[in-house]
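Data block below; observations after.
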Amino acid sequence: MIVDCAEYDQGARRPGRASLSDLGQRERGDGRFVWLGLFEPTAEEFSEVMDALGLHPLASEDAVEAHQRPKLEIYDGTLFLVLKTARYDDPTETVEFGELLIFVGADFIVVVRHGAASALAEVRAELEADPERLALGPAAVLHGILDRVVDDYAPVMAGIDDDIGEVEAAVFSDTPTNPVERIYKLKREVLGVHRALGPLVDPLHRLSSQPLPTVPPAVRSYFRDVEDHLVRVTEQNETNRDLLTSVLEANLTRVSVRQNEDMRKISAWVAMAAVPTLVAGVYGMNFDHMPELDWRFGYPAVLAAMAVICLTLFRYFRRSGWI
Amino acid sequence: MIVDCAEYDQGARRPGRASLSDLGQRERGDGRFVWLGLFEPTAEEFSEVMDALGLHPLASEDAVEAHQRPKLEIYDGTLFLVLKTARYDDPTETVEFGELLIFVGADFIVVVRHGAASALAEVRAELEADPERLALGPAAVLHGILDRVVDDYAPVMAGIDDDIGEVEAAVFSDTPTNPVERIYKLKREVLGVHRALGPLVDPLHRLSSQPLPTVPPAVRSYFRDVEDHLVRVTEQNETNRDLLTSVLEANLTRVSVRQNEDMRKISAWVAMAAVPTLVAGVYGMNFDHMPELDWRFGYPAVLAAMAVICLTLFRYFRRSGWI
Amino acid sequence: MIVDCAEYDQGARRPGRASLSDLGQRERGDGRFVWLGLFEPTAEEFSEVMDALGLHPLASEDAVEAHQRPKLEIYDGTLFLVLKTARYDDPTETVEFGELLIFVGADFIVVVRHGAASALAEVRAELEADPERLALGPAAVLHGILDRVVDDYAPVMAGIDDDIGEVEAAVFSDTPTNPVERIYKLKREVLGVHRALGPLVDPLHRLSSQPLPTVPPAVRSYFRDVEDHLVRVTEQNETNRDLLTSVLEANLTRVSVRQNEDMRKISAWVAMAAVPTLVAGVYGMNFDHMPELDWRFGYPAVLAAMAVICLTLFRYFRRSGWI
Amino acid sequence: MIVDCAEYDQGARRPGRASLSDLGQRERGDGRFVWLGLFEPTAEEFSEVMDALGLHPLASEDAVEAHQRPKLEIYDGTLFLVLKTARYDDPTETVEFGELLIFVGADFIVVVRHGAASALAEVRAELEADPERLALGPAAVLHGILDRVVDDYAPVMAGIDDDIGEVEAAVFSDTPTNPVERIYKLKREVLGVHRALGPLVDPLHRLSSQPLPTVPPAVRSYFRDVEDHLVRVTEQNETNRDLLTSVLEANLTRVSVRQNEDMRKISAWVAMAAVPTLVAGVYGMNFDHMPELDWRFGYPAVLAAMAVICLTLFRYFRRSGWI
Amino acid sequence: MIVDCAEYDQGARRPGRASLSDLGQRERGDGRFVWLGLFEPTAEEFSEVMDALGLHPLASEDAVEAHQRPKLEIYDGTLFLVLKTARYDDPTETVEFGELLIFVGADFIVVVRHGAASALAEVRAELEADPERLALGPAAVLHGILDRVVDDYAPVMAGIDDDIGEVEAAVFSDTPTNPVERIYKLKREVLGVHRALGPLVDPLHRLSSQPLPTVPPAVRSYFRDVEDHLVRVTEQNETNRDLLTSVLEANLTRVSVRQNEDMRKISAWVAMAAVPTLVAGVYGMNFDHMPELDWRFGYPAVLAAMAVICLTLFRYFRRSGWI
């Protein structure tokens, strides 16, 4: 599905939508380029685009089916970049990943979106409002998209951070909860982010430091900024991974401690039942000569003694912190 | 055992099988090559091939006995590549590894298969149906095989992923199962994949980025694609390893928690037996003056009291979540 | 907010505060430079500075909002350095991080401070008292600040070391405490320090070993010293991380051992109640012919026997270390 | 002690033993060299050899005392190689390490053996049976020895693999064994192998890829094969290390689970004793009006009820898997 | 404090002590140098030395205060080396670290010692007894000291190895000890050694492989030997670290197993008390018709039955290994 397609001239959008057939006429002068946005195109849709722009068959194969690894390839002067976008779904505490496949040529940029992606329409609106930047050509669009995609990881990290905070609170709270499943699921998400972002560091480094086709030097230093944000997110993710490993172990210790507390509480109550039972057993013995049995107030005295024993034990256990 | 042997001219198969003696006449012109497939050849069988093609004695020694490490060697202009193929056996949850030993010369490619390998006959059929690609020579065949072998790891990863999913479900389910053996066995398989694929990354990188004999530049970019898939599989495998480590620890925590739950349940029932026993003990005492004993309805009253105590305790424990 | 702004000539401070408009006149001769200190400037404040000094728009964007990753960038001959400062808050056992953003040009140095930072006023005072060093230019100021920031990590490490010592004492003491939360929180802080200092090693290495604009060779060897201190702090932090991992595990073992001790103690007391109960049960049997029952001193004898049994058990358990 | 000493000419052994004094005359022509084997020589013995061959004093110091780290040194055109040999002692499940110190000059090779080493006499016999290879000079002998030493690690790995298999079987069997000590001891051996083989990878890589004195290019590709085997053994060892770590943790989980099973089994039996005790207590009460006591078959009825209760509980626990 | 100060000419000590003022006259010819040993000098003492030898102010700052990281610096042709010395204190099982700061110029070597250091007086005596080596100049002295310092780590490693052996014996012995604190403390020491030796590897590698001022090529190969010993110690330390991690986990498993054994032993005894108590309860019931009660030998028969039951249970538990 074609989301939007427009031709830009010196940073200004030419009115209306450009048609796919317009893509074909490649005698655009300097400062003119086409920006085409596609959403999960069919093989037929994409082969049209491919023919019009003369994309490399290998790259275009990738564009139809998603589940690529983030990477940067150069095919005959065309950059091909694969990105993972992320969105944090707070209720389920899962990260939803989407995919962007971007082709950048001298006079065109094609953006293929799969799954839940970042708000690219906003990126287009922002850039169209800043003709100076847009006049730098397709690389400026690429920067705009990368910047947005990496920025969109910030709420993901914030969401995971929040959840880690909640998990920590749960682990160290006094109410006996066991957030082990939640910790594990969070770790799974953190590993997912690791897999989505880790391989992107190298492409961004190349964009920001090496001379690449279609990327003018003026744009290169902008990529350095994106690279920086990316590395920060990556490091935060590593810290989270470490924290989750530690909190899993801390939780195990808490579970052990809580088990011990329960065991002691139970034992205390068992002791409080066992002693009067023993006393009752003693006075249940059938000896002929047991003077207490004949006493007028023997029975209430024994009951009172039992109560006193229980109370003493109760106080003792309370003082020891067992109850 | 010779599986198939054919000569190709400009991408087209020459009719019939080529014989080993045909291998010997090495005045094939441009665009002609022989593709020989062997299955677990004996030393005699292979020494014939070796003599016909003039292979290096060291490499041919490797071809007869399997259990090699994946690697890429160059002996006097001949590429020698060792690969591990994999197949996931779902019922036993094990990965079966096979081995491919491939010799690529300017005008021949010899593929030696050991154990359960990928469906190479299909690769041959596909390539024969695409003469243009086949016309690129033995390197195109090598690419076809590598592509297939690496693609065949996808169902392996999917199988392991499924099993990890099941293990997670088992760990976090409420029914008390203990999948520790299964987790361990899966880890073992993951380590096996790691050992089969890890050493292959470097050879593929060299194939896709360095000028090597017998690999024309046109084919090189195709290898980049295979390298990419390989790295993706490798990363997924690392994630699985991490997940299995975490799930093993999560499982330990679950086991501890379940132990605590059992202990509390047991204790609750013990308490419910201990209290009426104590009461019965009290009225079993032999004091002369125990007024309750003379009451008309003393006995049923005590039985009722016991029942009330038990019920109260039962409710209390149920509310506390102990039962 | 402008904290201080002064012009220095051959290491001597020119009287009074320099105004922002002074920054603009950039025909300062050799050995003259301006040192401007800002505290959490607003976007307006900073854009004034930026215009006066002609800073790169990307760098200045960073200066207003904090939460940067430590890094060293070079924009058209201006160094841009981001630093994390740290202060240990002992009562809460947390590390408070601040941020410094430093722009170093040929004839100016701008220091932007966010959050709780090191005592930069003291650095200024020290340097003003040492005109020889100050005469080396803005790079000498940069060194002074870096030196102070890295030195300020020493008390942080000392504080964490102390707390680790206390935690160790708690883990290995005989009183049953469970410092698991404290261990975890300390680990969190250690990871925070890791994140603040790790990325700084590379910039400092570049400062001390590569020719960079605005850093004269004479100053370079001074940076080597700072780099050295930084690496030492980093290594100590790694050791602490390792120690906390070990102490967490040691603590789990202690908790297990303590649980076992409690279980044995409880069991010993249960045994001491169970045996006399059994004896009492025996003499509560209603057999017609139980000779002991008719004995004159049967009852006291049995009571004495019970006491002897309990005492014997008590001694036995004490000897075994169960009580 | 001199084990054997012979001079070879064009690959053929000259009859008899060469004496140490023969070593001295160093005007051997092309294709002639001496191969001297020593076993734990005394300082005096070795200094004679040293003088005869003009070995570097530092290297010769190493030769007398063992416990070196595997390494490759070049002293004035003489290669000096230290190797660890290994032998698996199955009954004790330990790896016995020996040491080889090898000096390779243009026309001599001296092999000093310490402790239990590989069967070097066999290597000599094999090489003497293959004069063509032996004619390549001392480097061919070095290759033969290295090949044997690395091959001798295969049974070590196989032995450890077997033991790991047994340990796995023990951990996951139903009989309650606790192979923790065995796991730990195996890990110790694996670490020993790691220490013996790890440092050897680099020397072998240098032998197989760099031009070194006394190693003709024709021999170099043979070393590549040995390097390959070495890396395979090393990787297998790393896998074993990983497996042992996992199996240690799996074992802990098993121990916990078994503890829980025991606890439930015990509790079930306690419950089966507690309920009839309670019933007996009830009918031991001394109320005047307890109609059941007067019944003719009250006693057998109660005994039957007790039996029924116990049986019911027994069935229930059996169904729940507690017994 | 000056420990010793002497001038050497062609390897021979000039009689008497050299004074600090002698250091100043720097027109020593070839083969003459001064060797000055200091112990924890005050700032004043050291500034005298510094002035006499013209040392770099930064380096000399380091010399007064200890707690440096091991490193090698070159200031205007002077080598500056920081070393950690170690001594194992067996009773407390701790490693005491000292520090050596060494300045090596063309015609002087200054050794500053802090804390418990290696026996440098012995090094001096040995070197003075070997004028040939001493004639190689200050670098030979540096080698002598480094050799000694690294060799002095051998008893440290041996001490730690011994203690690990004892800890292993304690963990796997049958007497219930819990050496967790000892394991942790040993790990702490191992991390200390890691911190003291790790950063020294690179300086020694530079000394043994790069041309450095004041180190003649003849001495360089001697440093290779020291580097080798250092790497061996470092690797052993890493192995120890690994072993301690494993033994900590093995200990946890042992503690769990022992807990289970105690629990089973306790339960067995409880069962042996519970069954006779139940029997006694049965015969304590007040039914009118309980034929056993009237039997002449009912009472002794029941007592005998109780004993038989207990004995049977005892045998059963003994066979099951519970007692």
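Going by the order they are written in, the chains are A, B, C, D and E; count residues from 1 in each one.
Criterion: contacts are C-beta pairs under 8 Å (C-beta built on N, C-alpha and C of every residue); 3 or more make two chains touch, one makes a residue touch a chain.
Not measured: the values here are computed from a predicted model.
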| item | value |
| --- | --- |
| Shared chain contacts [subunit C and subunit E, defined touch] | none |
| Computed distance of Cα centres, subunit C from subunit A, in Å | 26 |
| Subunit B and subunit E, separation of their C-alpha mean positions in angstrom | 42 |
| Junction residues of subunit A - those touching two or more other chains | 249, 252, 256, 259, 263, 270, 274, 277, 281, 284-286, 290 |
| Topology of the chain contact graph, where touching chains are joined (line, ring, star, complete, other) | ring |
| Chain order around the ring, beginning at subunit B and proceeding next to subunit D | B, D, E, C, A |
| Footprint of subunit A on subunit C - complex, ascending | 56, 58, 68-69, 71, 73, 75, 178, 180-181, 183-184, 187-188, 191-192, 194-195, 198-199, 245, 248-249, 251-252, 255-256, 258-259, 262-263, 266, 269-270, 273-274, 276-277, 280-281, 283-286, 290, 292-299, 302-303, 306 |
| Subunit C - residues contacting subunit E, complex | 168, 172, 221-222, 224-225, 228, 231-232, 235-236, 239, 242-243, 246-247, 249-250, 252-254, 256-257, 259-260, 263-264, 267, 270-271, 274-275, 277-278, 281-282, 284-290 |
